[in-house]
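Shared between the two complexes below is subunit A, which pairs with subunit B and subunit C, respectively.
And then the complex of A and B:
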């Protein structure tokens, strides 16, 4: 019982954390003391200046206010997170539902494709594709979305498999309702909570992916995101100068956001099915074997996303 | 026989995935806008020279299948005198192309950088597995106590951190105590191999720790779950009744059985570990394959990118295949 309570508490905490970031992103123009996209006028003393009254988090390598950059950075990170997650939901849920409902050959083929995506190392693939496709926000969103849909597909498929054999579906089939209608009107509502929970986690992975791509120099050159702030910091020798105010805050912001989303996602998963210990760290295919060996607590989840 | 079926399925899957990766790699770099040859050629060259170079690189051949040549000579094998099949043939011979910038074969570059990366991944994974399985065991043993909650929380947090930021934080923390980067101190001659090994070890501490922190969360949570199962078994109860100390029970009886699933997790994690390694090598200037990729991105050196990606993909596919085999061998109850 205490476990459940803790989980809900955790979810509440996650929700608050995420809400805080969203609010900051929306209110950025009013919250940030300076505009990080404006041209800088200042002296060379401003370069990597430590925190002062005018600049609570100090200044970066070109004298820009770090706090403002971090605040505005939330916009890009959240945009990429939600946009990529949208692609993941549409693609993954569709594949998952088709695969789960159709079964047989279609299911096998689709699942093999999903497995193939899982096996290929994610970051190297992203790096290669973005280098060819070119840097840009749209490209980043597309690439992250197109390479992250597999977890959603897996989870949705599992849910569809459990729902498929229920009475009301069998009755609908017996009545001659078309598969498309069954899927949209009857199965989909049962699957939506699962999609929601998984999407929350997918947003956090999309945000991490964008940060990593930006750090490695493949972000949109025109935009400020937490990853790109760290990219510049690192390349301009902030570590040597011990400019912690430049290096720590963007990472804290990232950690805060992903942690909040993870808490939220876990809590949602537990709410949907409290008997499942879901966490996104194992491959379902492998743990099916473990499940068969030990019938007590089914372990379900995914391999790490990155 | 069941396990032969399983084997065939897994082999087929690996081969198909491999083929798809090959084709994908091939296509990707042909759709780069602009003639790839432009990058190595100066536009001031005479058209004849350009044609000759294109011929050398085989770019005047048809892309997929050479229908004209086979029709002319009547030889069916000529069908495969195309860019794609030359690409495949090159790959089979270990030729991954040549770097634009350095004019050295990519395969050589990879070979030179492979050692440091392997060292990093090996030590990182070992540390992560040790740390993860021990903590997982402890957390399972002490479940429903604050220790369990703390362990799980730490594991989750570590998992959500970006690898590169973790590395930067460790760099800041260790400033002055440990080297800031690189494989060994530059411009130094060593008295003996031991001194060199020690120097490398000093440089290895931070990158390995970063990788271990990144990976241990997954191992810990899995170890915790399988430990929970194992600790509920009867033989543990027997050991407790016999009066064995907790430490002895955990280490001698529970650990072995709880750590079996970790084997497969290593292979599954490999893609993730590679992603982390690329970031870690960049932050710590560690001269490995990850850093090679990072440099190639900055220089738009497509052959290196292509070659390294292929190498990594083949490695991970192979590792997963081996893990599947191992698991099938180790546990005969696994069915296809």
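And then the complex of A and C:
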């Protein structure tokens, strides 16, 4: 397994990038030099101070350490990312499997519902809903999750449609296995890889969505996330003060995380669908073997290896 | 009363392009410890009829008429839940091409165990032992149970499928082209195995195949199907030696003669009728060398000649008079 992954260098890189963020989020209390949630007493000289030895990424508009904020911000972003993604997986995979396996009217009804969700642009709808429902971490997670599950549903449904035609499903039916058990024990294992690949991309979209909502001032006011840091930076005139240490790090952190997740998602999708790769004759390893064959003197009785 | 009694089975596929009648008015019976061979060309409806027997037709398939009486009870009248309990215990099936019929990501052991656990034929703690016993029965070392289908050879997979089909001691076993995907040596092994299991366990088998040799080897009675209808039905000796239906005669004639290996191969010109353009009268009439005028107009009725020998042919009826 690991060999295959390393071959997909993009996937390996993605994995490392995401792992780095996860580690940082976990070890935040130990990695961050200061606690960004603690109250600060300082002087006016601390406001948007540029990087110094005590503050590697400088200070923000209230004198807090930017580095610590960014480190702690990873926790919120990842929490929202994975929690929303969890909702997406549970809801989307369930609907997709039911729809794909049941077919007929159930399929039609469920797909029309997902179509309704797909037609509406996600971000504007999220903005509206949050404004109405109120700010708060739980709300954000729910809103992102409930508006993103439809993509998963579609992808899972198409996988189920191909799997359910396979003969071992017919055999399971002939055995007398109930539809529920066929879905969980026979179809689900074939669908899991697809769920994984899609979920990875969903996590990245969730993180970006949260950052956007926070940036627009609709995030949880009590929590620090990368988006909220950027929100305050812009509102307090960091651009005018040319405080690059305040503006760039959260953006870089976001880009790093979503890029890592995207690399991971692409690699997973390629692993699942080998046909996405180019023809096998262009594969490095195989070409080397053929070259070697030409220079070897053939030994009688030995079968050629390609 | 026969163990399995099928009367007037008619199966259609309801597609957007129209209703296609794949099986029409099929009737046969199966006694205990008997082997019935169902022969016919590809597309003659034999597999469809078998799927209908177990009520596992694809979405578009519908049984539009008929009765399937297993031990007297009509399977077509059962609710889906009741039918699920009858499957595998009443009738089980050995599928063609075992590689496709086995779940590639689960061990052979767990798949056989699934049948046992589902129908609770064995106590939970006994399942593993029973699986080992079943594998041994079909000639697979029980220690190979935890392996996956791709680690088995073709013949072994088919034997694993047979073990699975016998797991719940079914009344009837349907073997749908059990040897088609295998080479001749393995074919012989599988057939021997089926024969031996039938003797030891008193099985009733329906053997579906297009290979007349296999039928001759294993069956007591044979049913020849063409175009979804019954052409000839009787015990093997009678049908093979005194075939009355022109199709059966041509089919048997197409078999290469071992005593005359240099003789040119004979085949039946033409091809089976497409389901959306079935001939209005006898299905075989377009390819028949003996057709009467009535053949293209009326569907020939089923005539019972000597006890248990049924033929569907106008020629035979005419002769009878």
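Keep in mind that, in the parts below, the second predicted complex is superposed on the first by the 268 of 306 C-alpha atoms of A that agree within 3 Å, B and C clash if a C-alpha of one lies under 4 Å from a C-alpha of the other, contacts with A are read in each partner's own complex, and residues count from 1 in each chain.
Simple rule for what comes next: a contact is a pair of C-beta atoms (placed from the backbone, for glycine too) under 8 Å apart; a residue touches a chain by one contact, two chains touch by 3 or more.
None of these values were measured; they are calculated from a predicted model.
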First, second, both or neither for A:174, with subunit B first and subunit C second: second
When both partners are placed on the shared chain, which of subunit B and subunit C touches more of subunit A: B
Partner chain(s) touched by A:103 [first = subunit B, second = subunit C, both, neither]: second
Interface residues of subunit A shared between complexes with subunit B and subunit C: none
Subunit A residues touching subunit C - in the complex, by the definition given at the top: 103-104, 166-168, 170-178, 185-186, 189-190
Subunit C residues touching subunit A - in the complex, by the definition given at the top: 54, 56, 59, 83-89, 92-93, 95, 97, 100-106, 114-115, 118-119
Residues of subunit B defined as touching subunit A within the complex: 13, 16-17, 20-21, 28-29, 31-32, 144, 149, 156-157, 159-165, 168-169, 171-172, 175, 180, 217-218, 221-222, 225-226, 228-229, 232, 261, 264-265, 268-272, 274-276, 278-279, 282-283, 293-294, 297-298, 300, 302, 305-306, 308-309, 312-313, 316-317, 320, 327, 331, 333-335
Sites on subunit A touched by subunit B in the complex: 2-3, 6, 112, 115-116, 118-125, 127-129, 131-132, 204, 208, 211-212, 215-218, 227, 230, 234, 239-240, 242, 244, 247-248, 250-251, 254-255, 258-259, 262, 266, 277, 279, 281-283, 286-287, 289-290, 292-294, 296-297, 299, 303-306
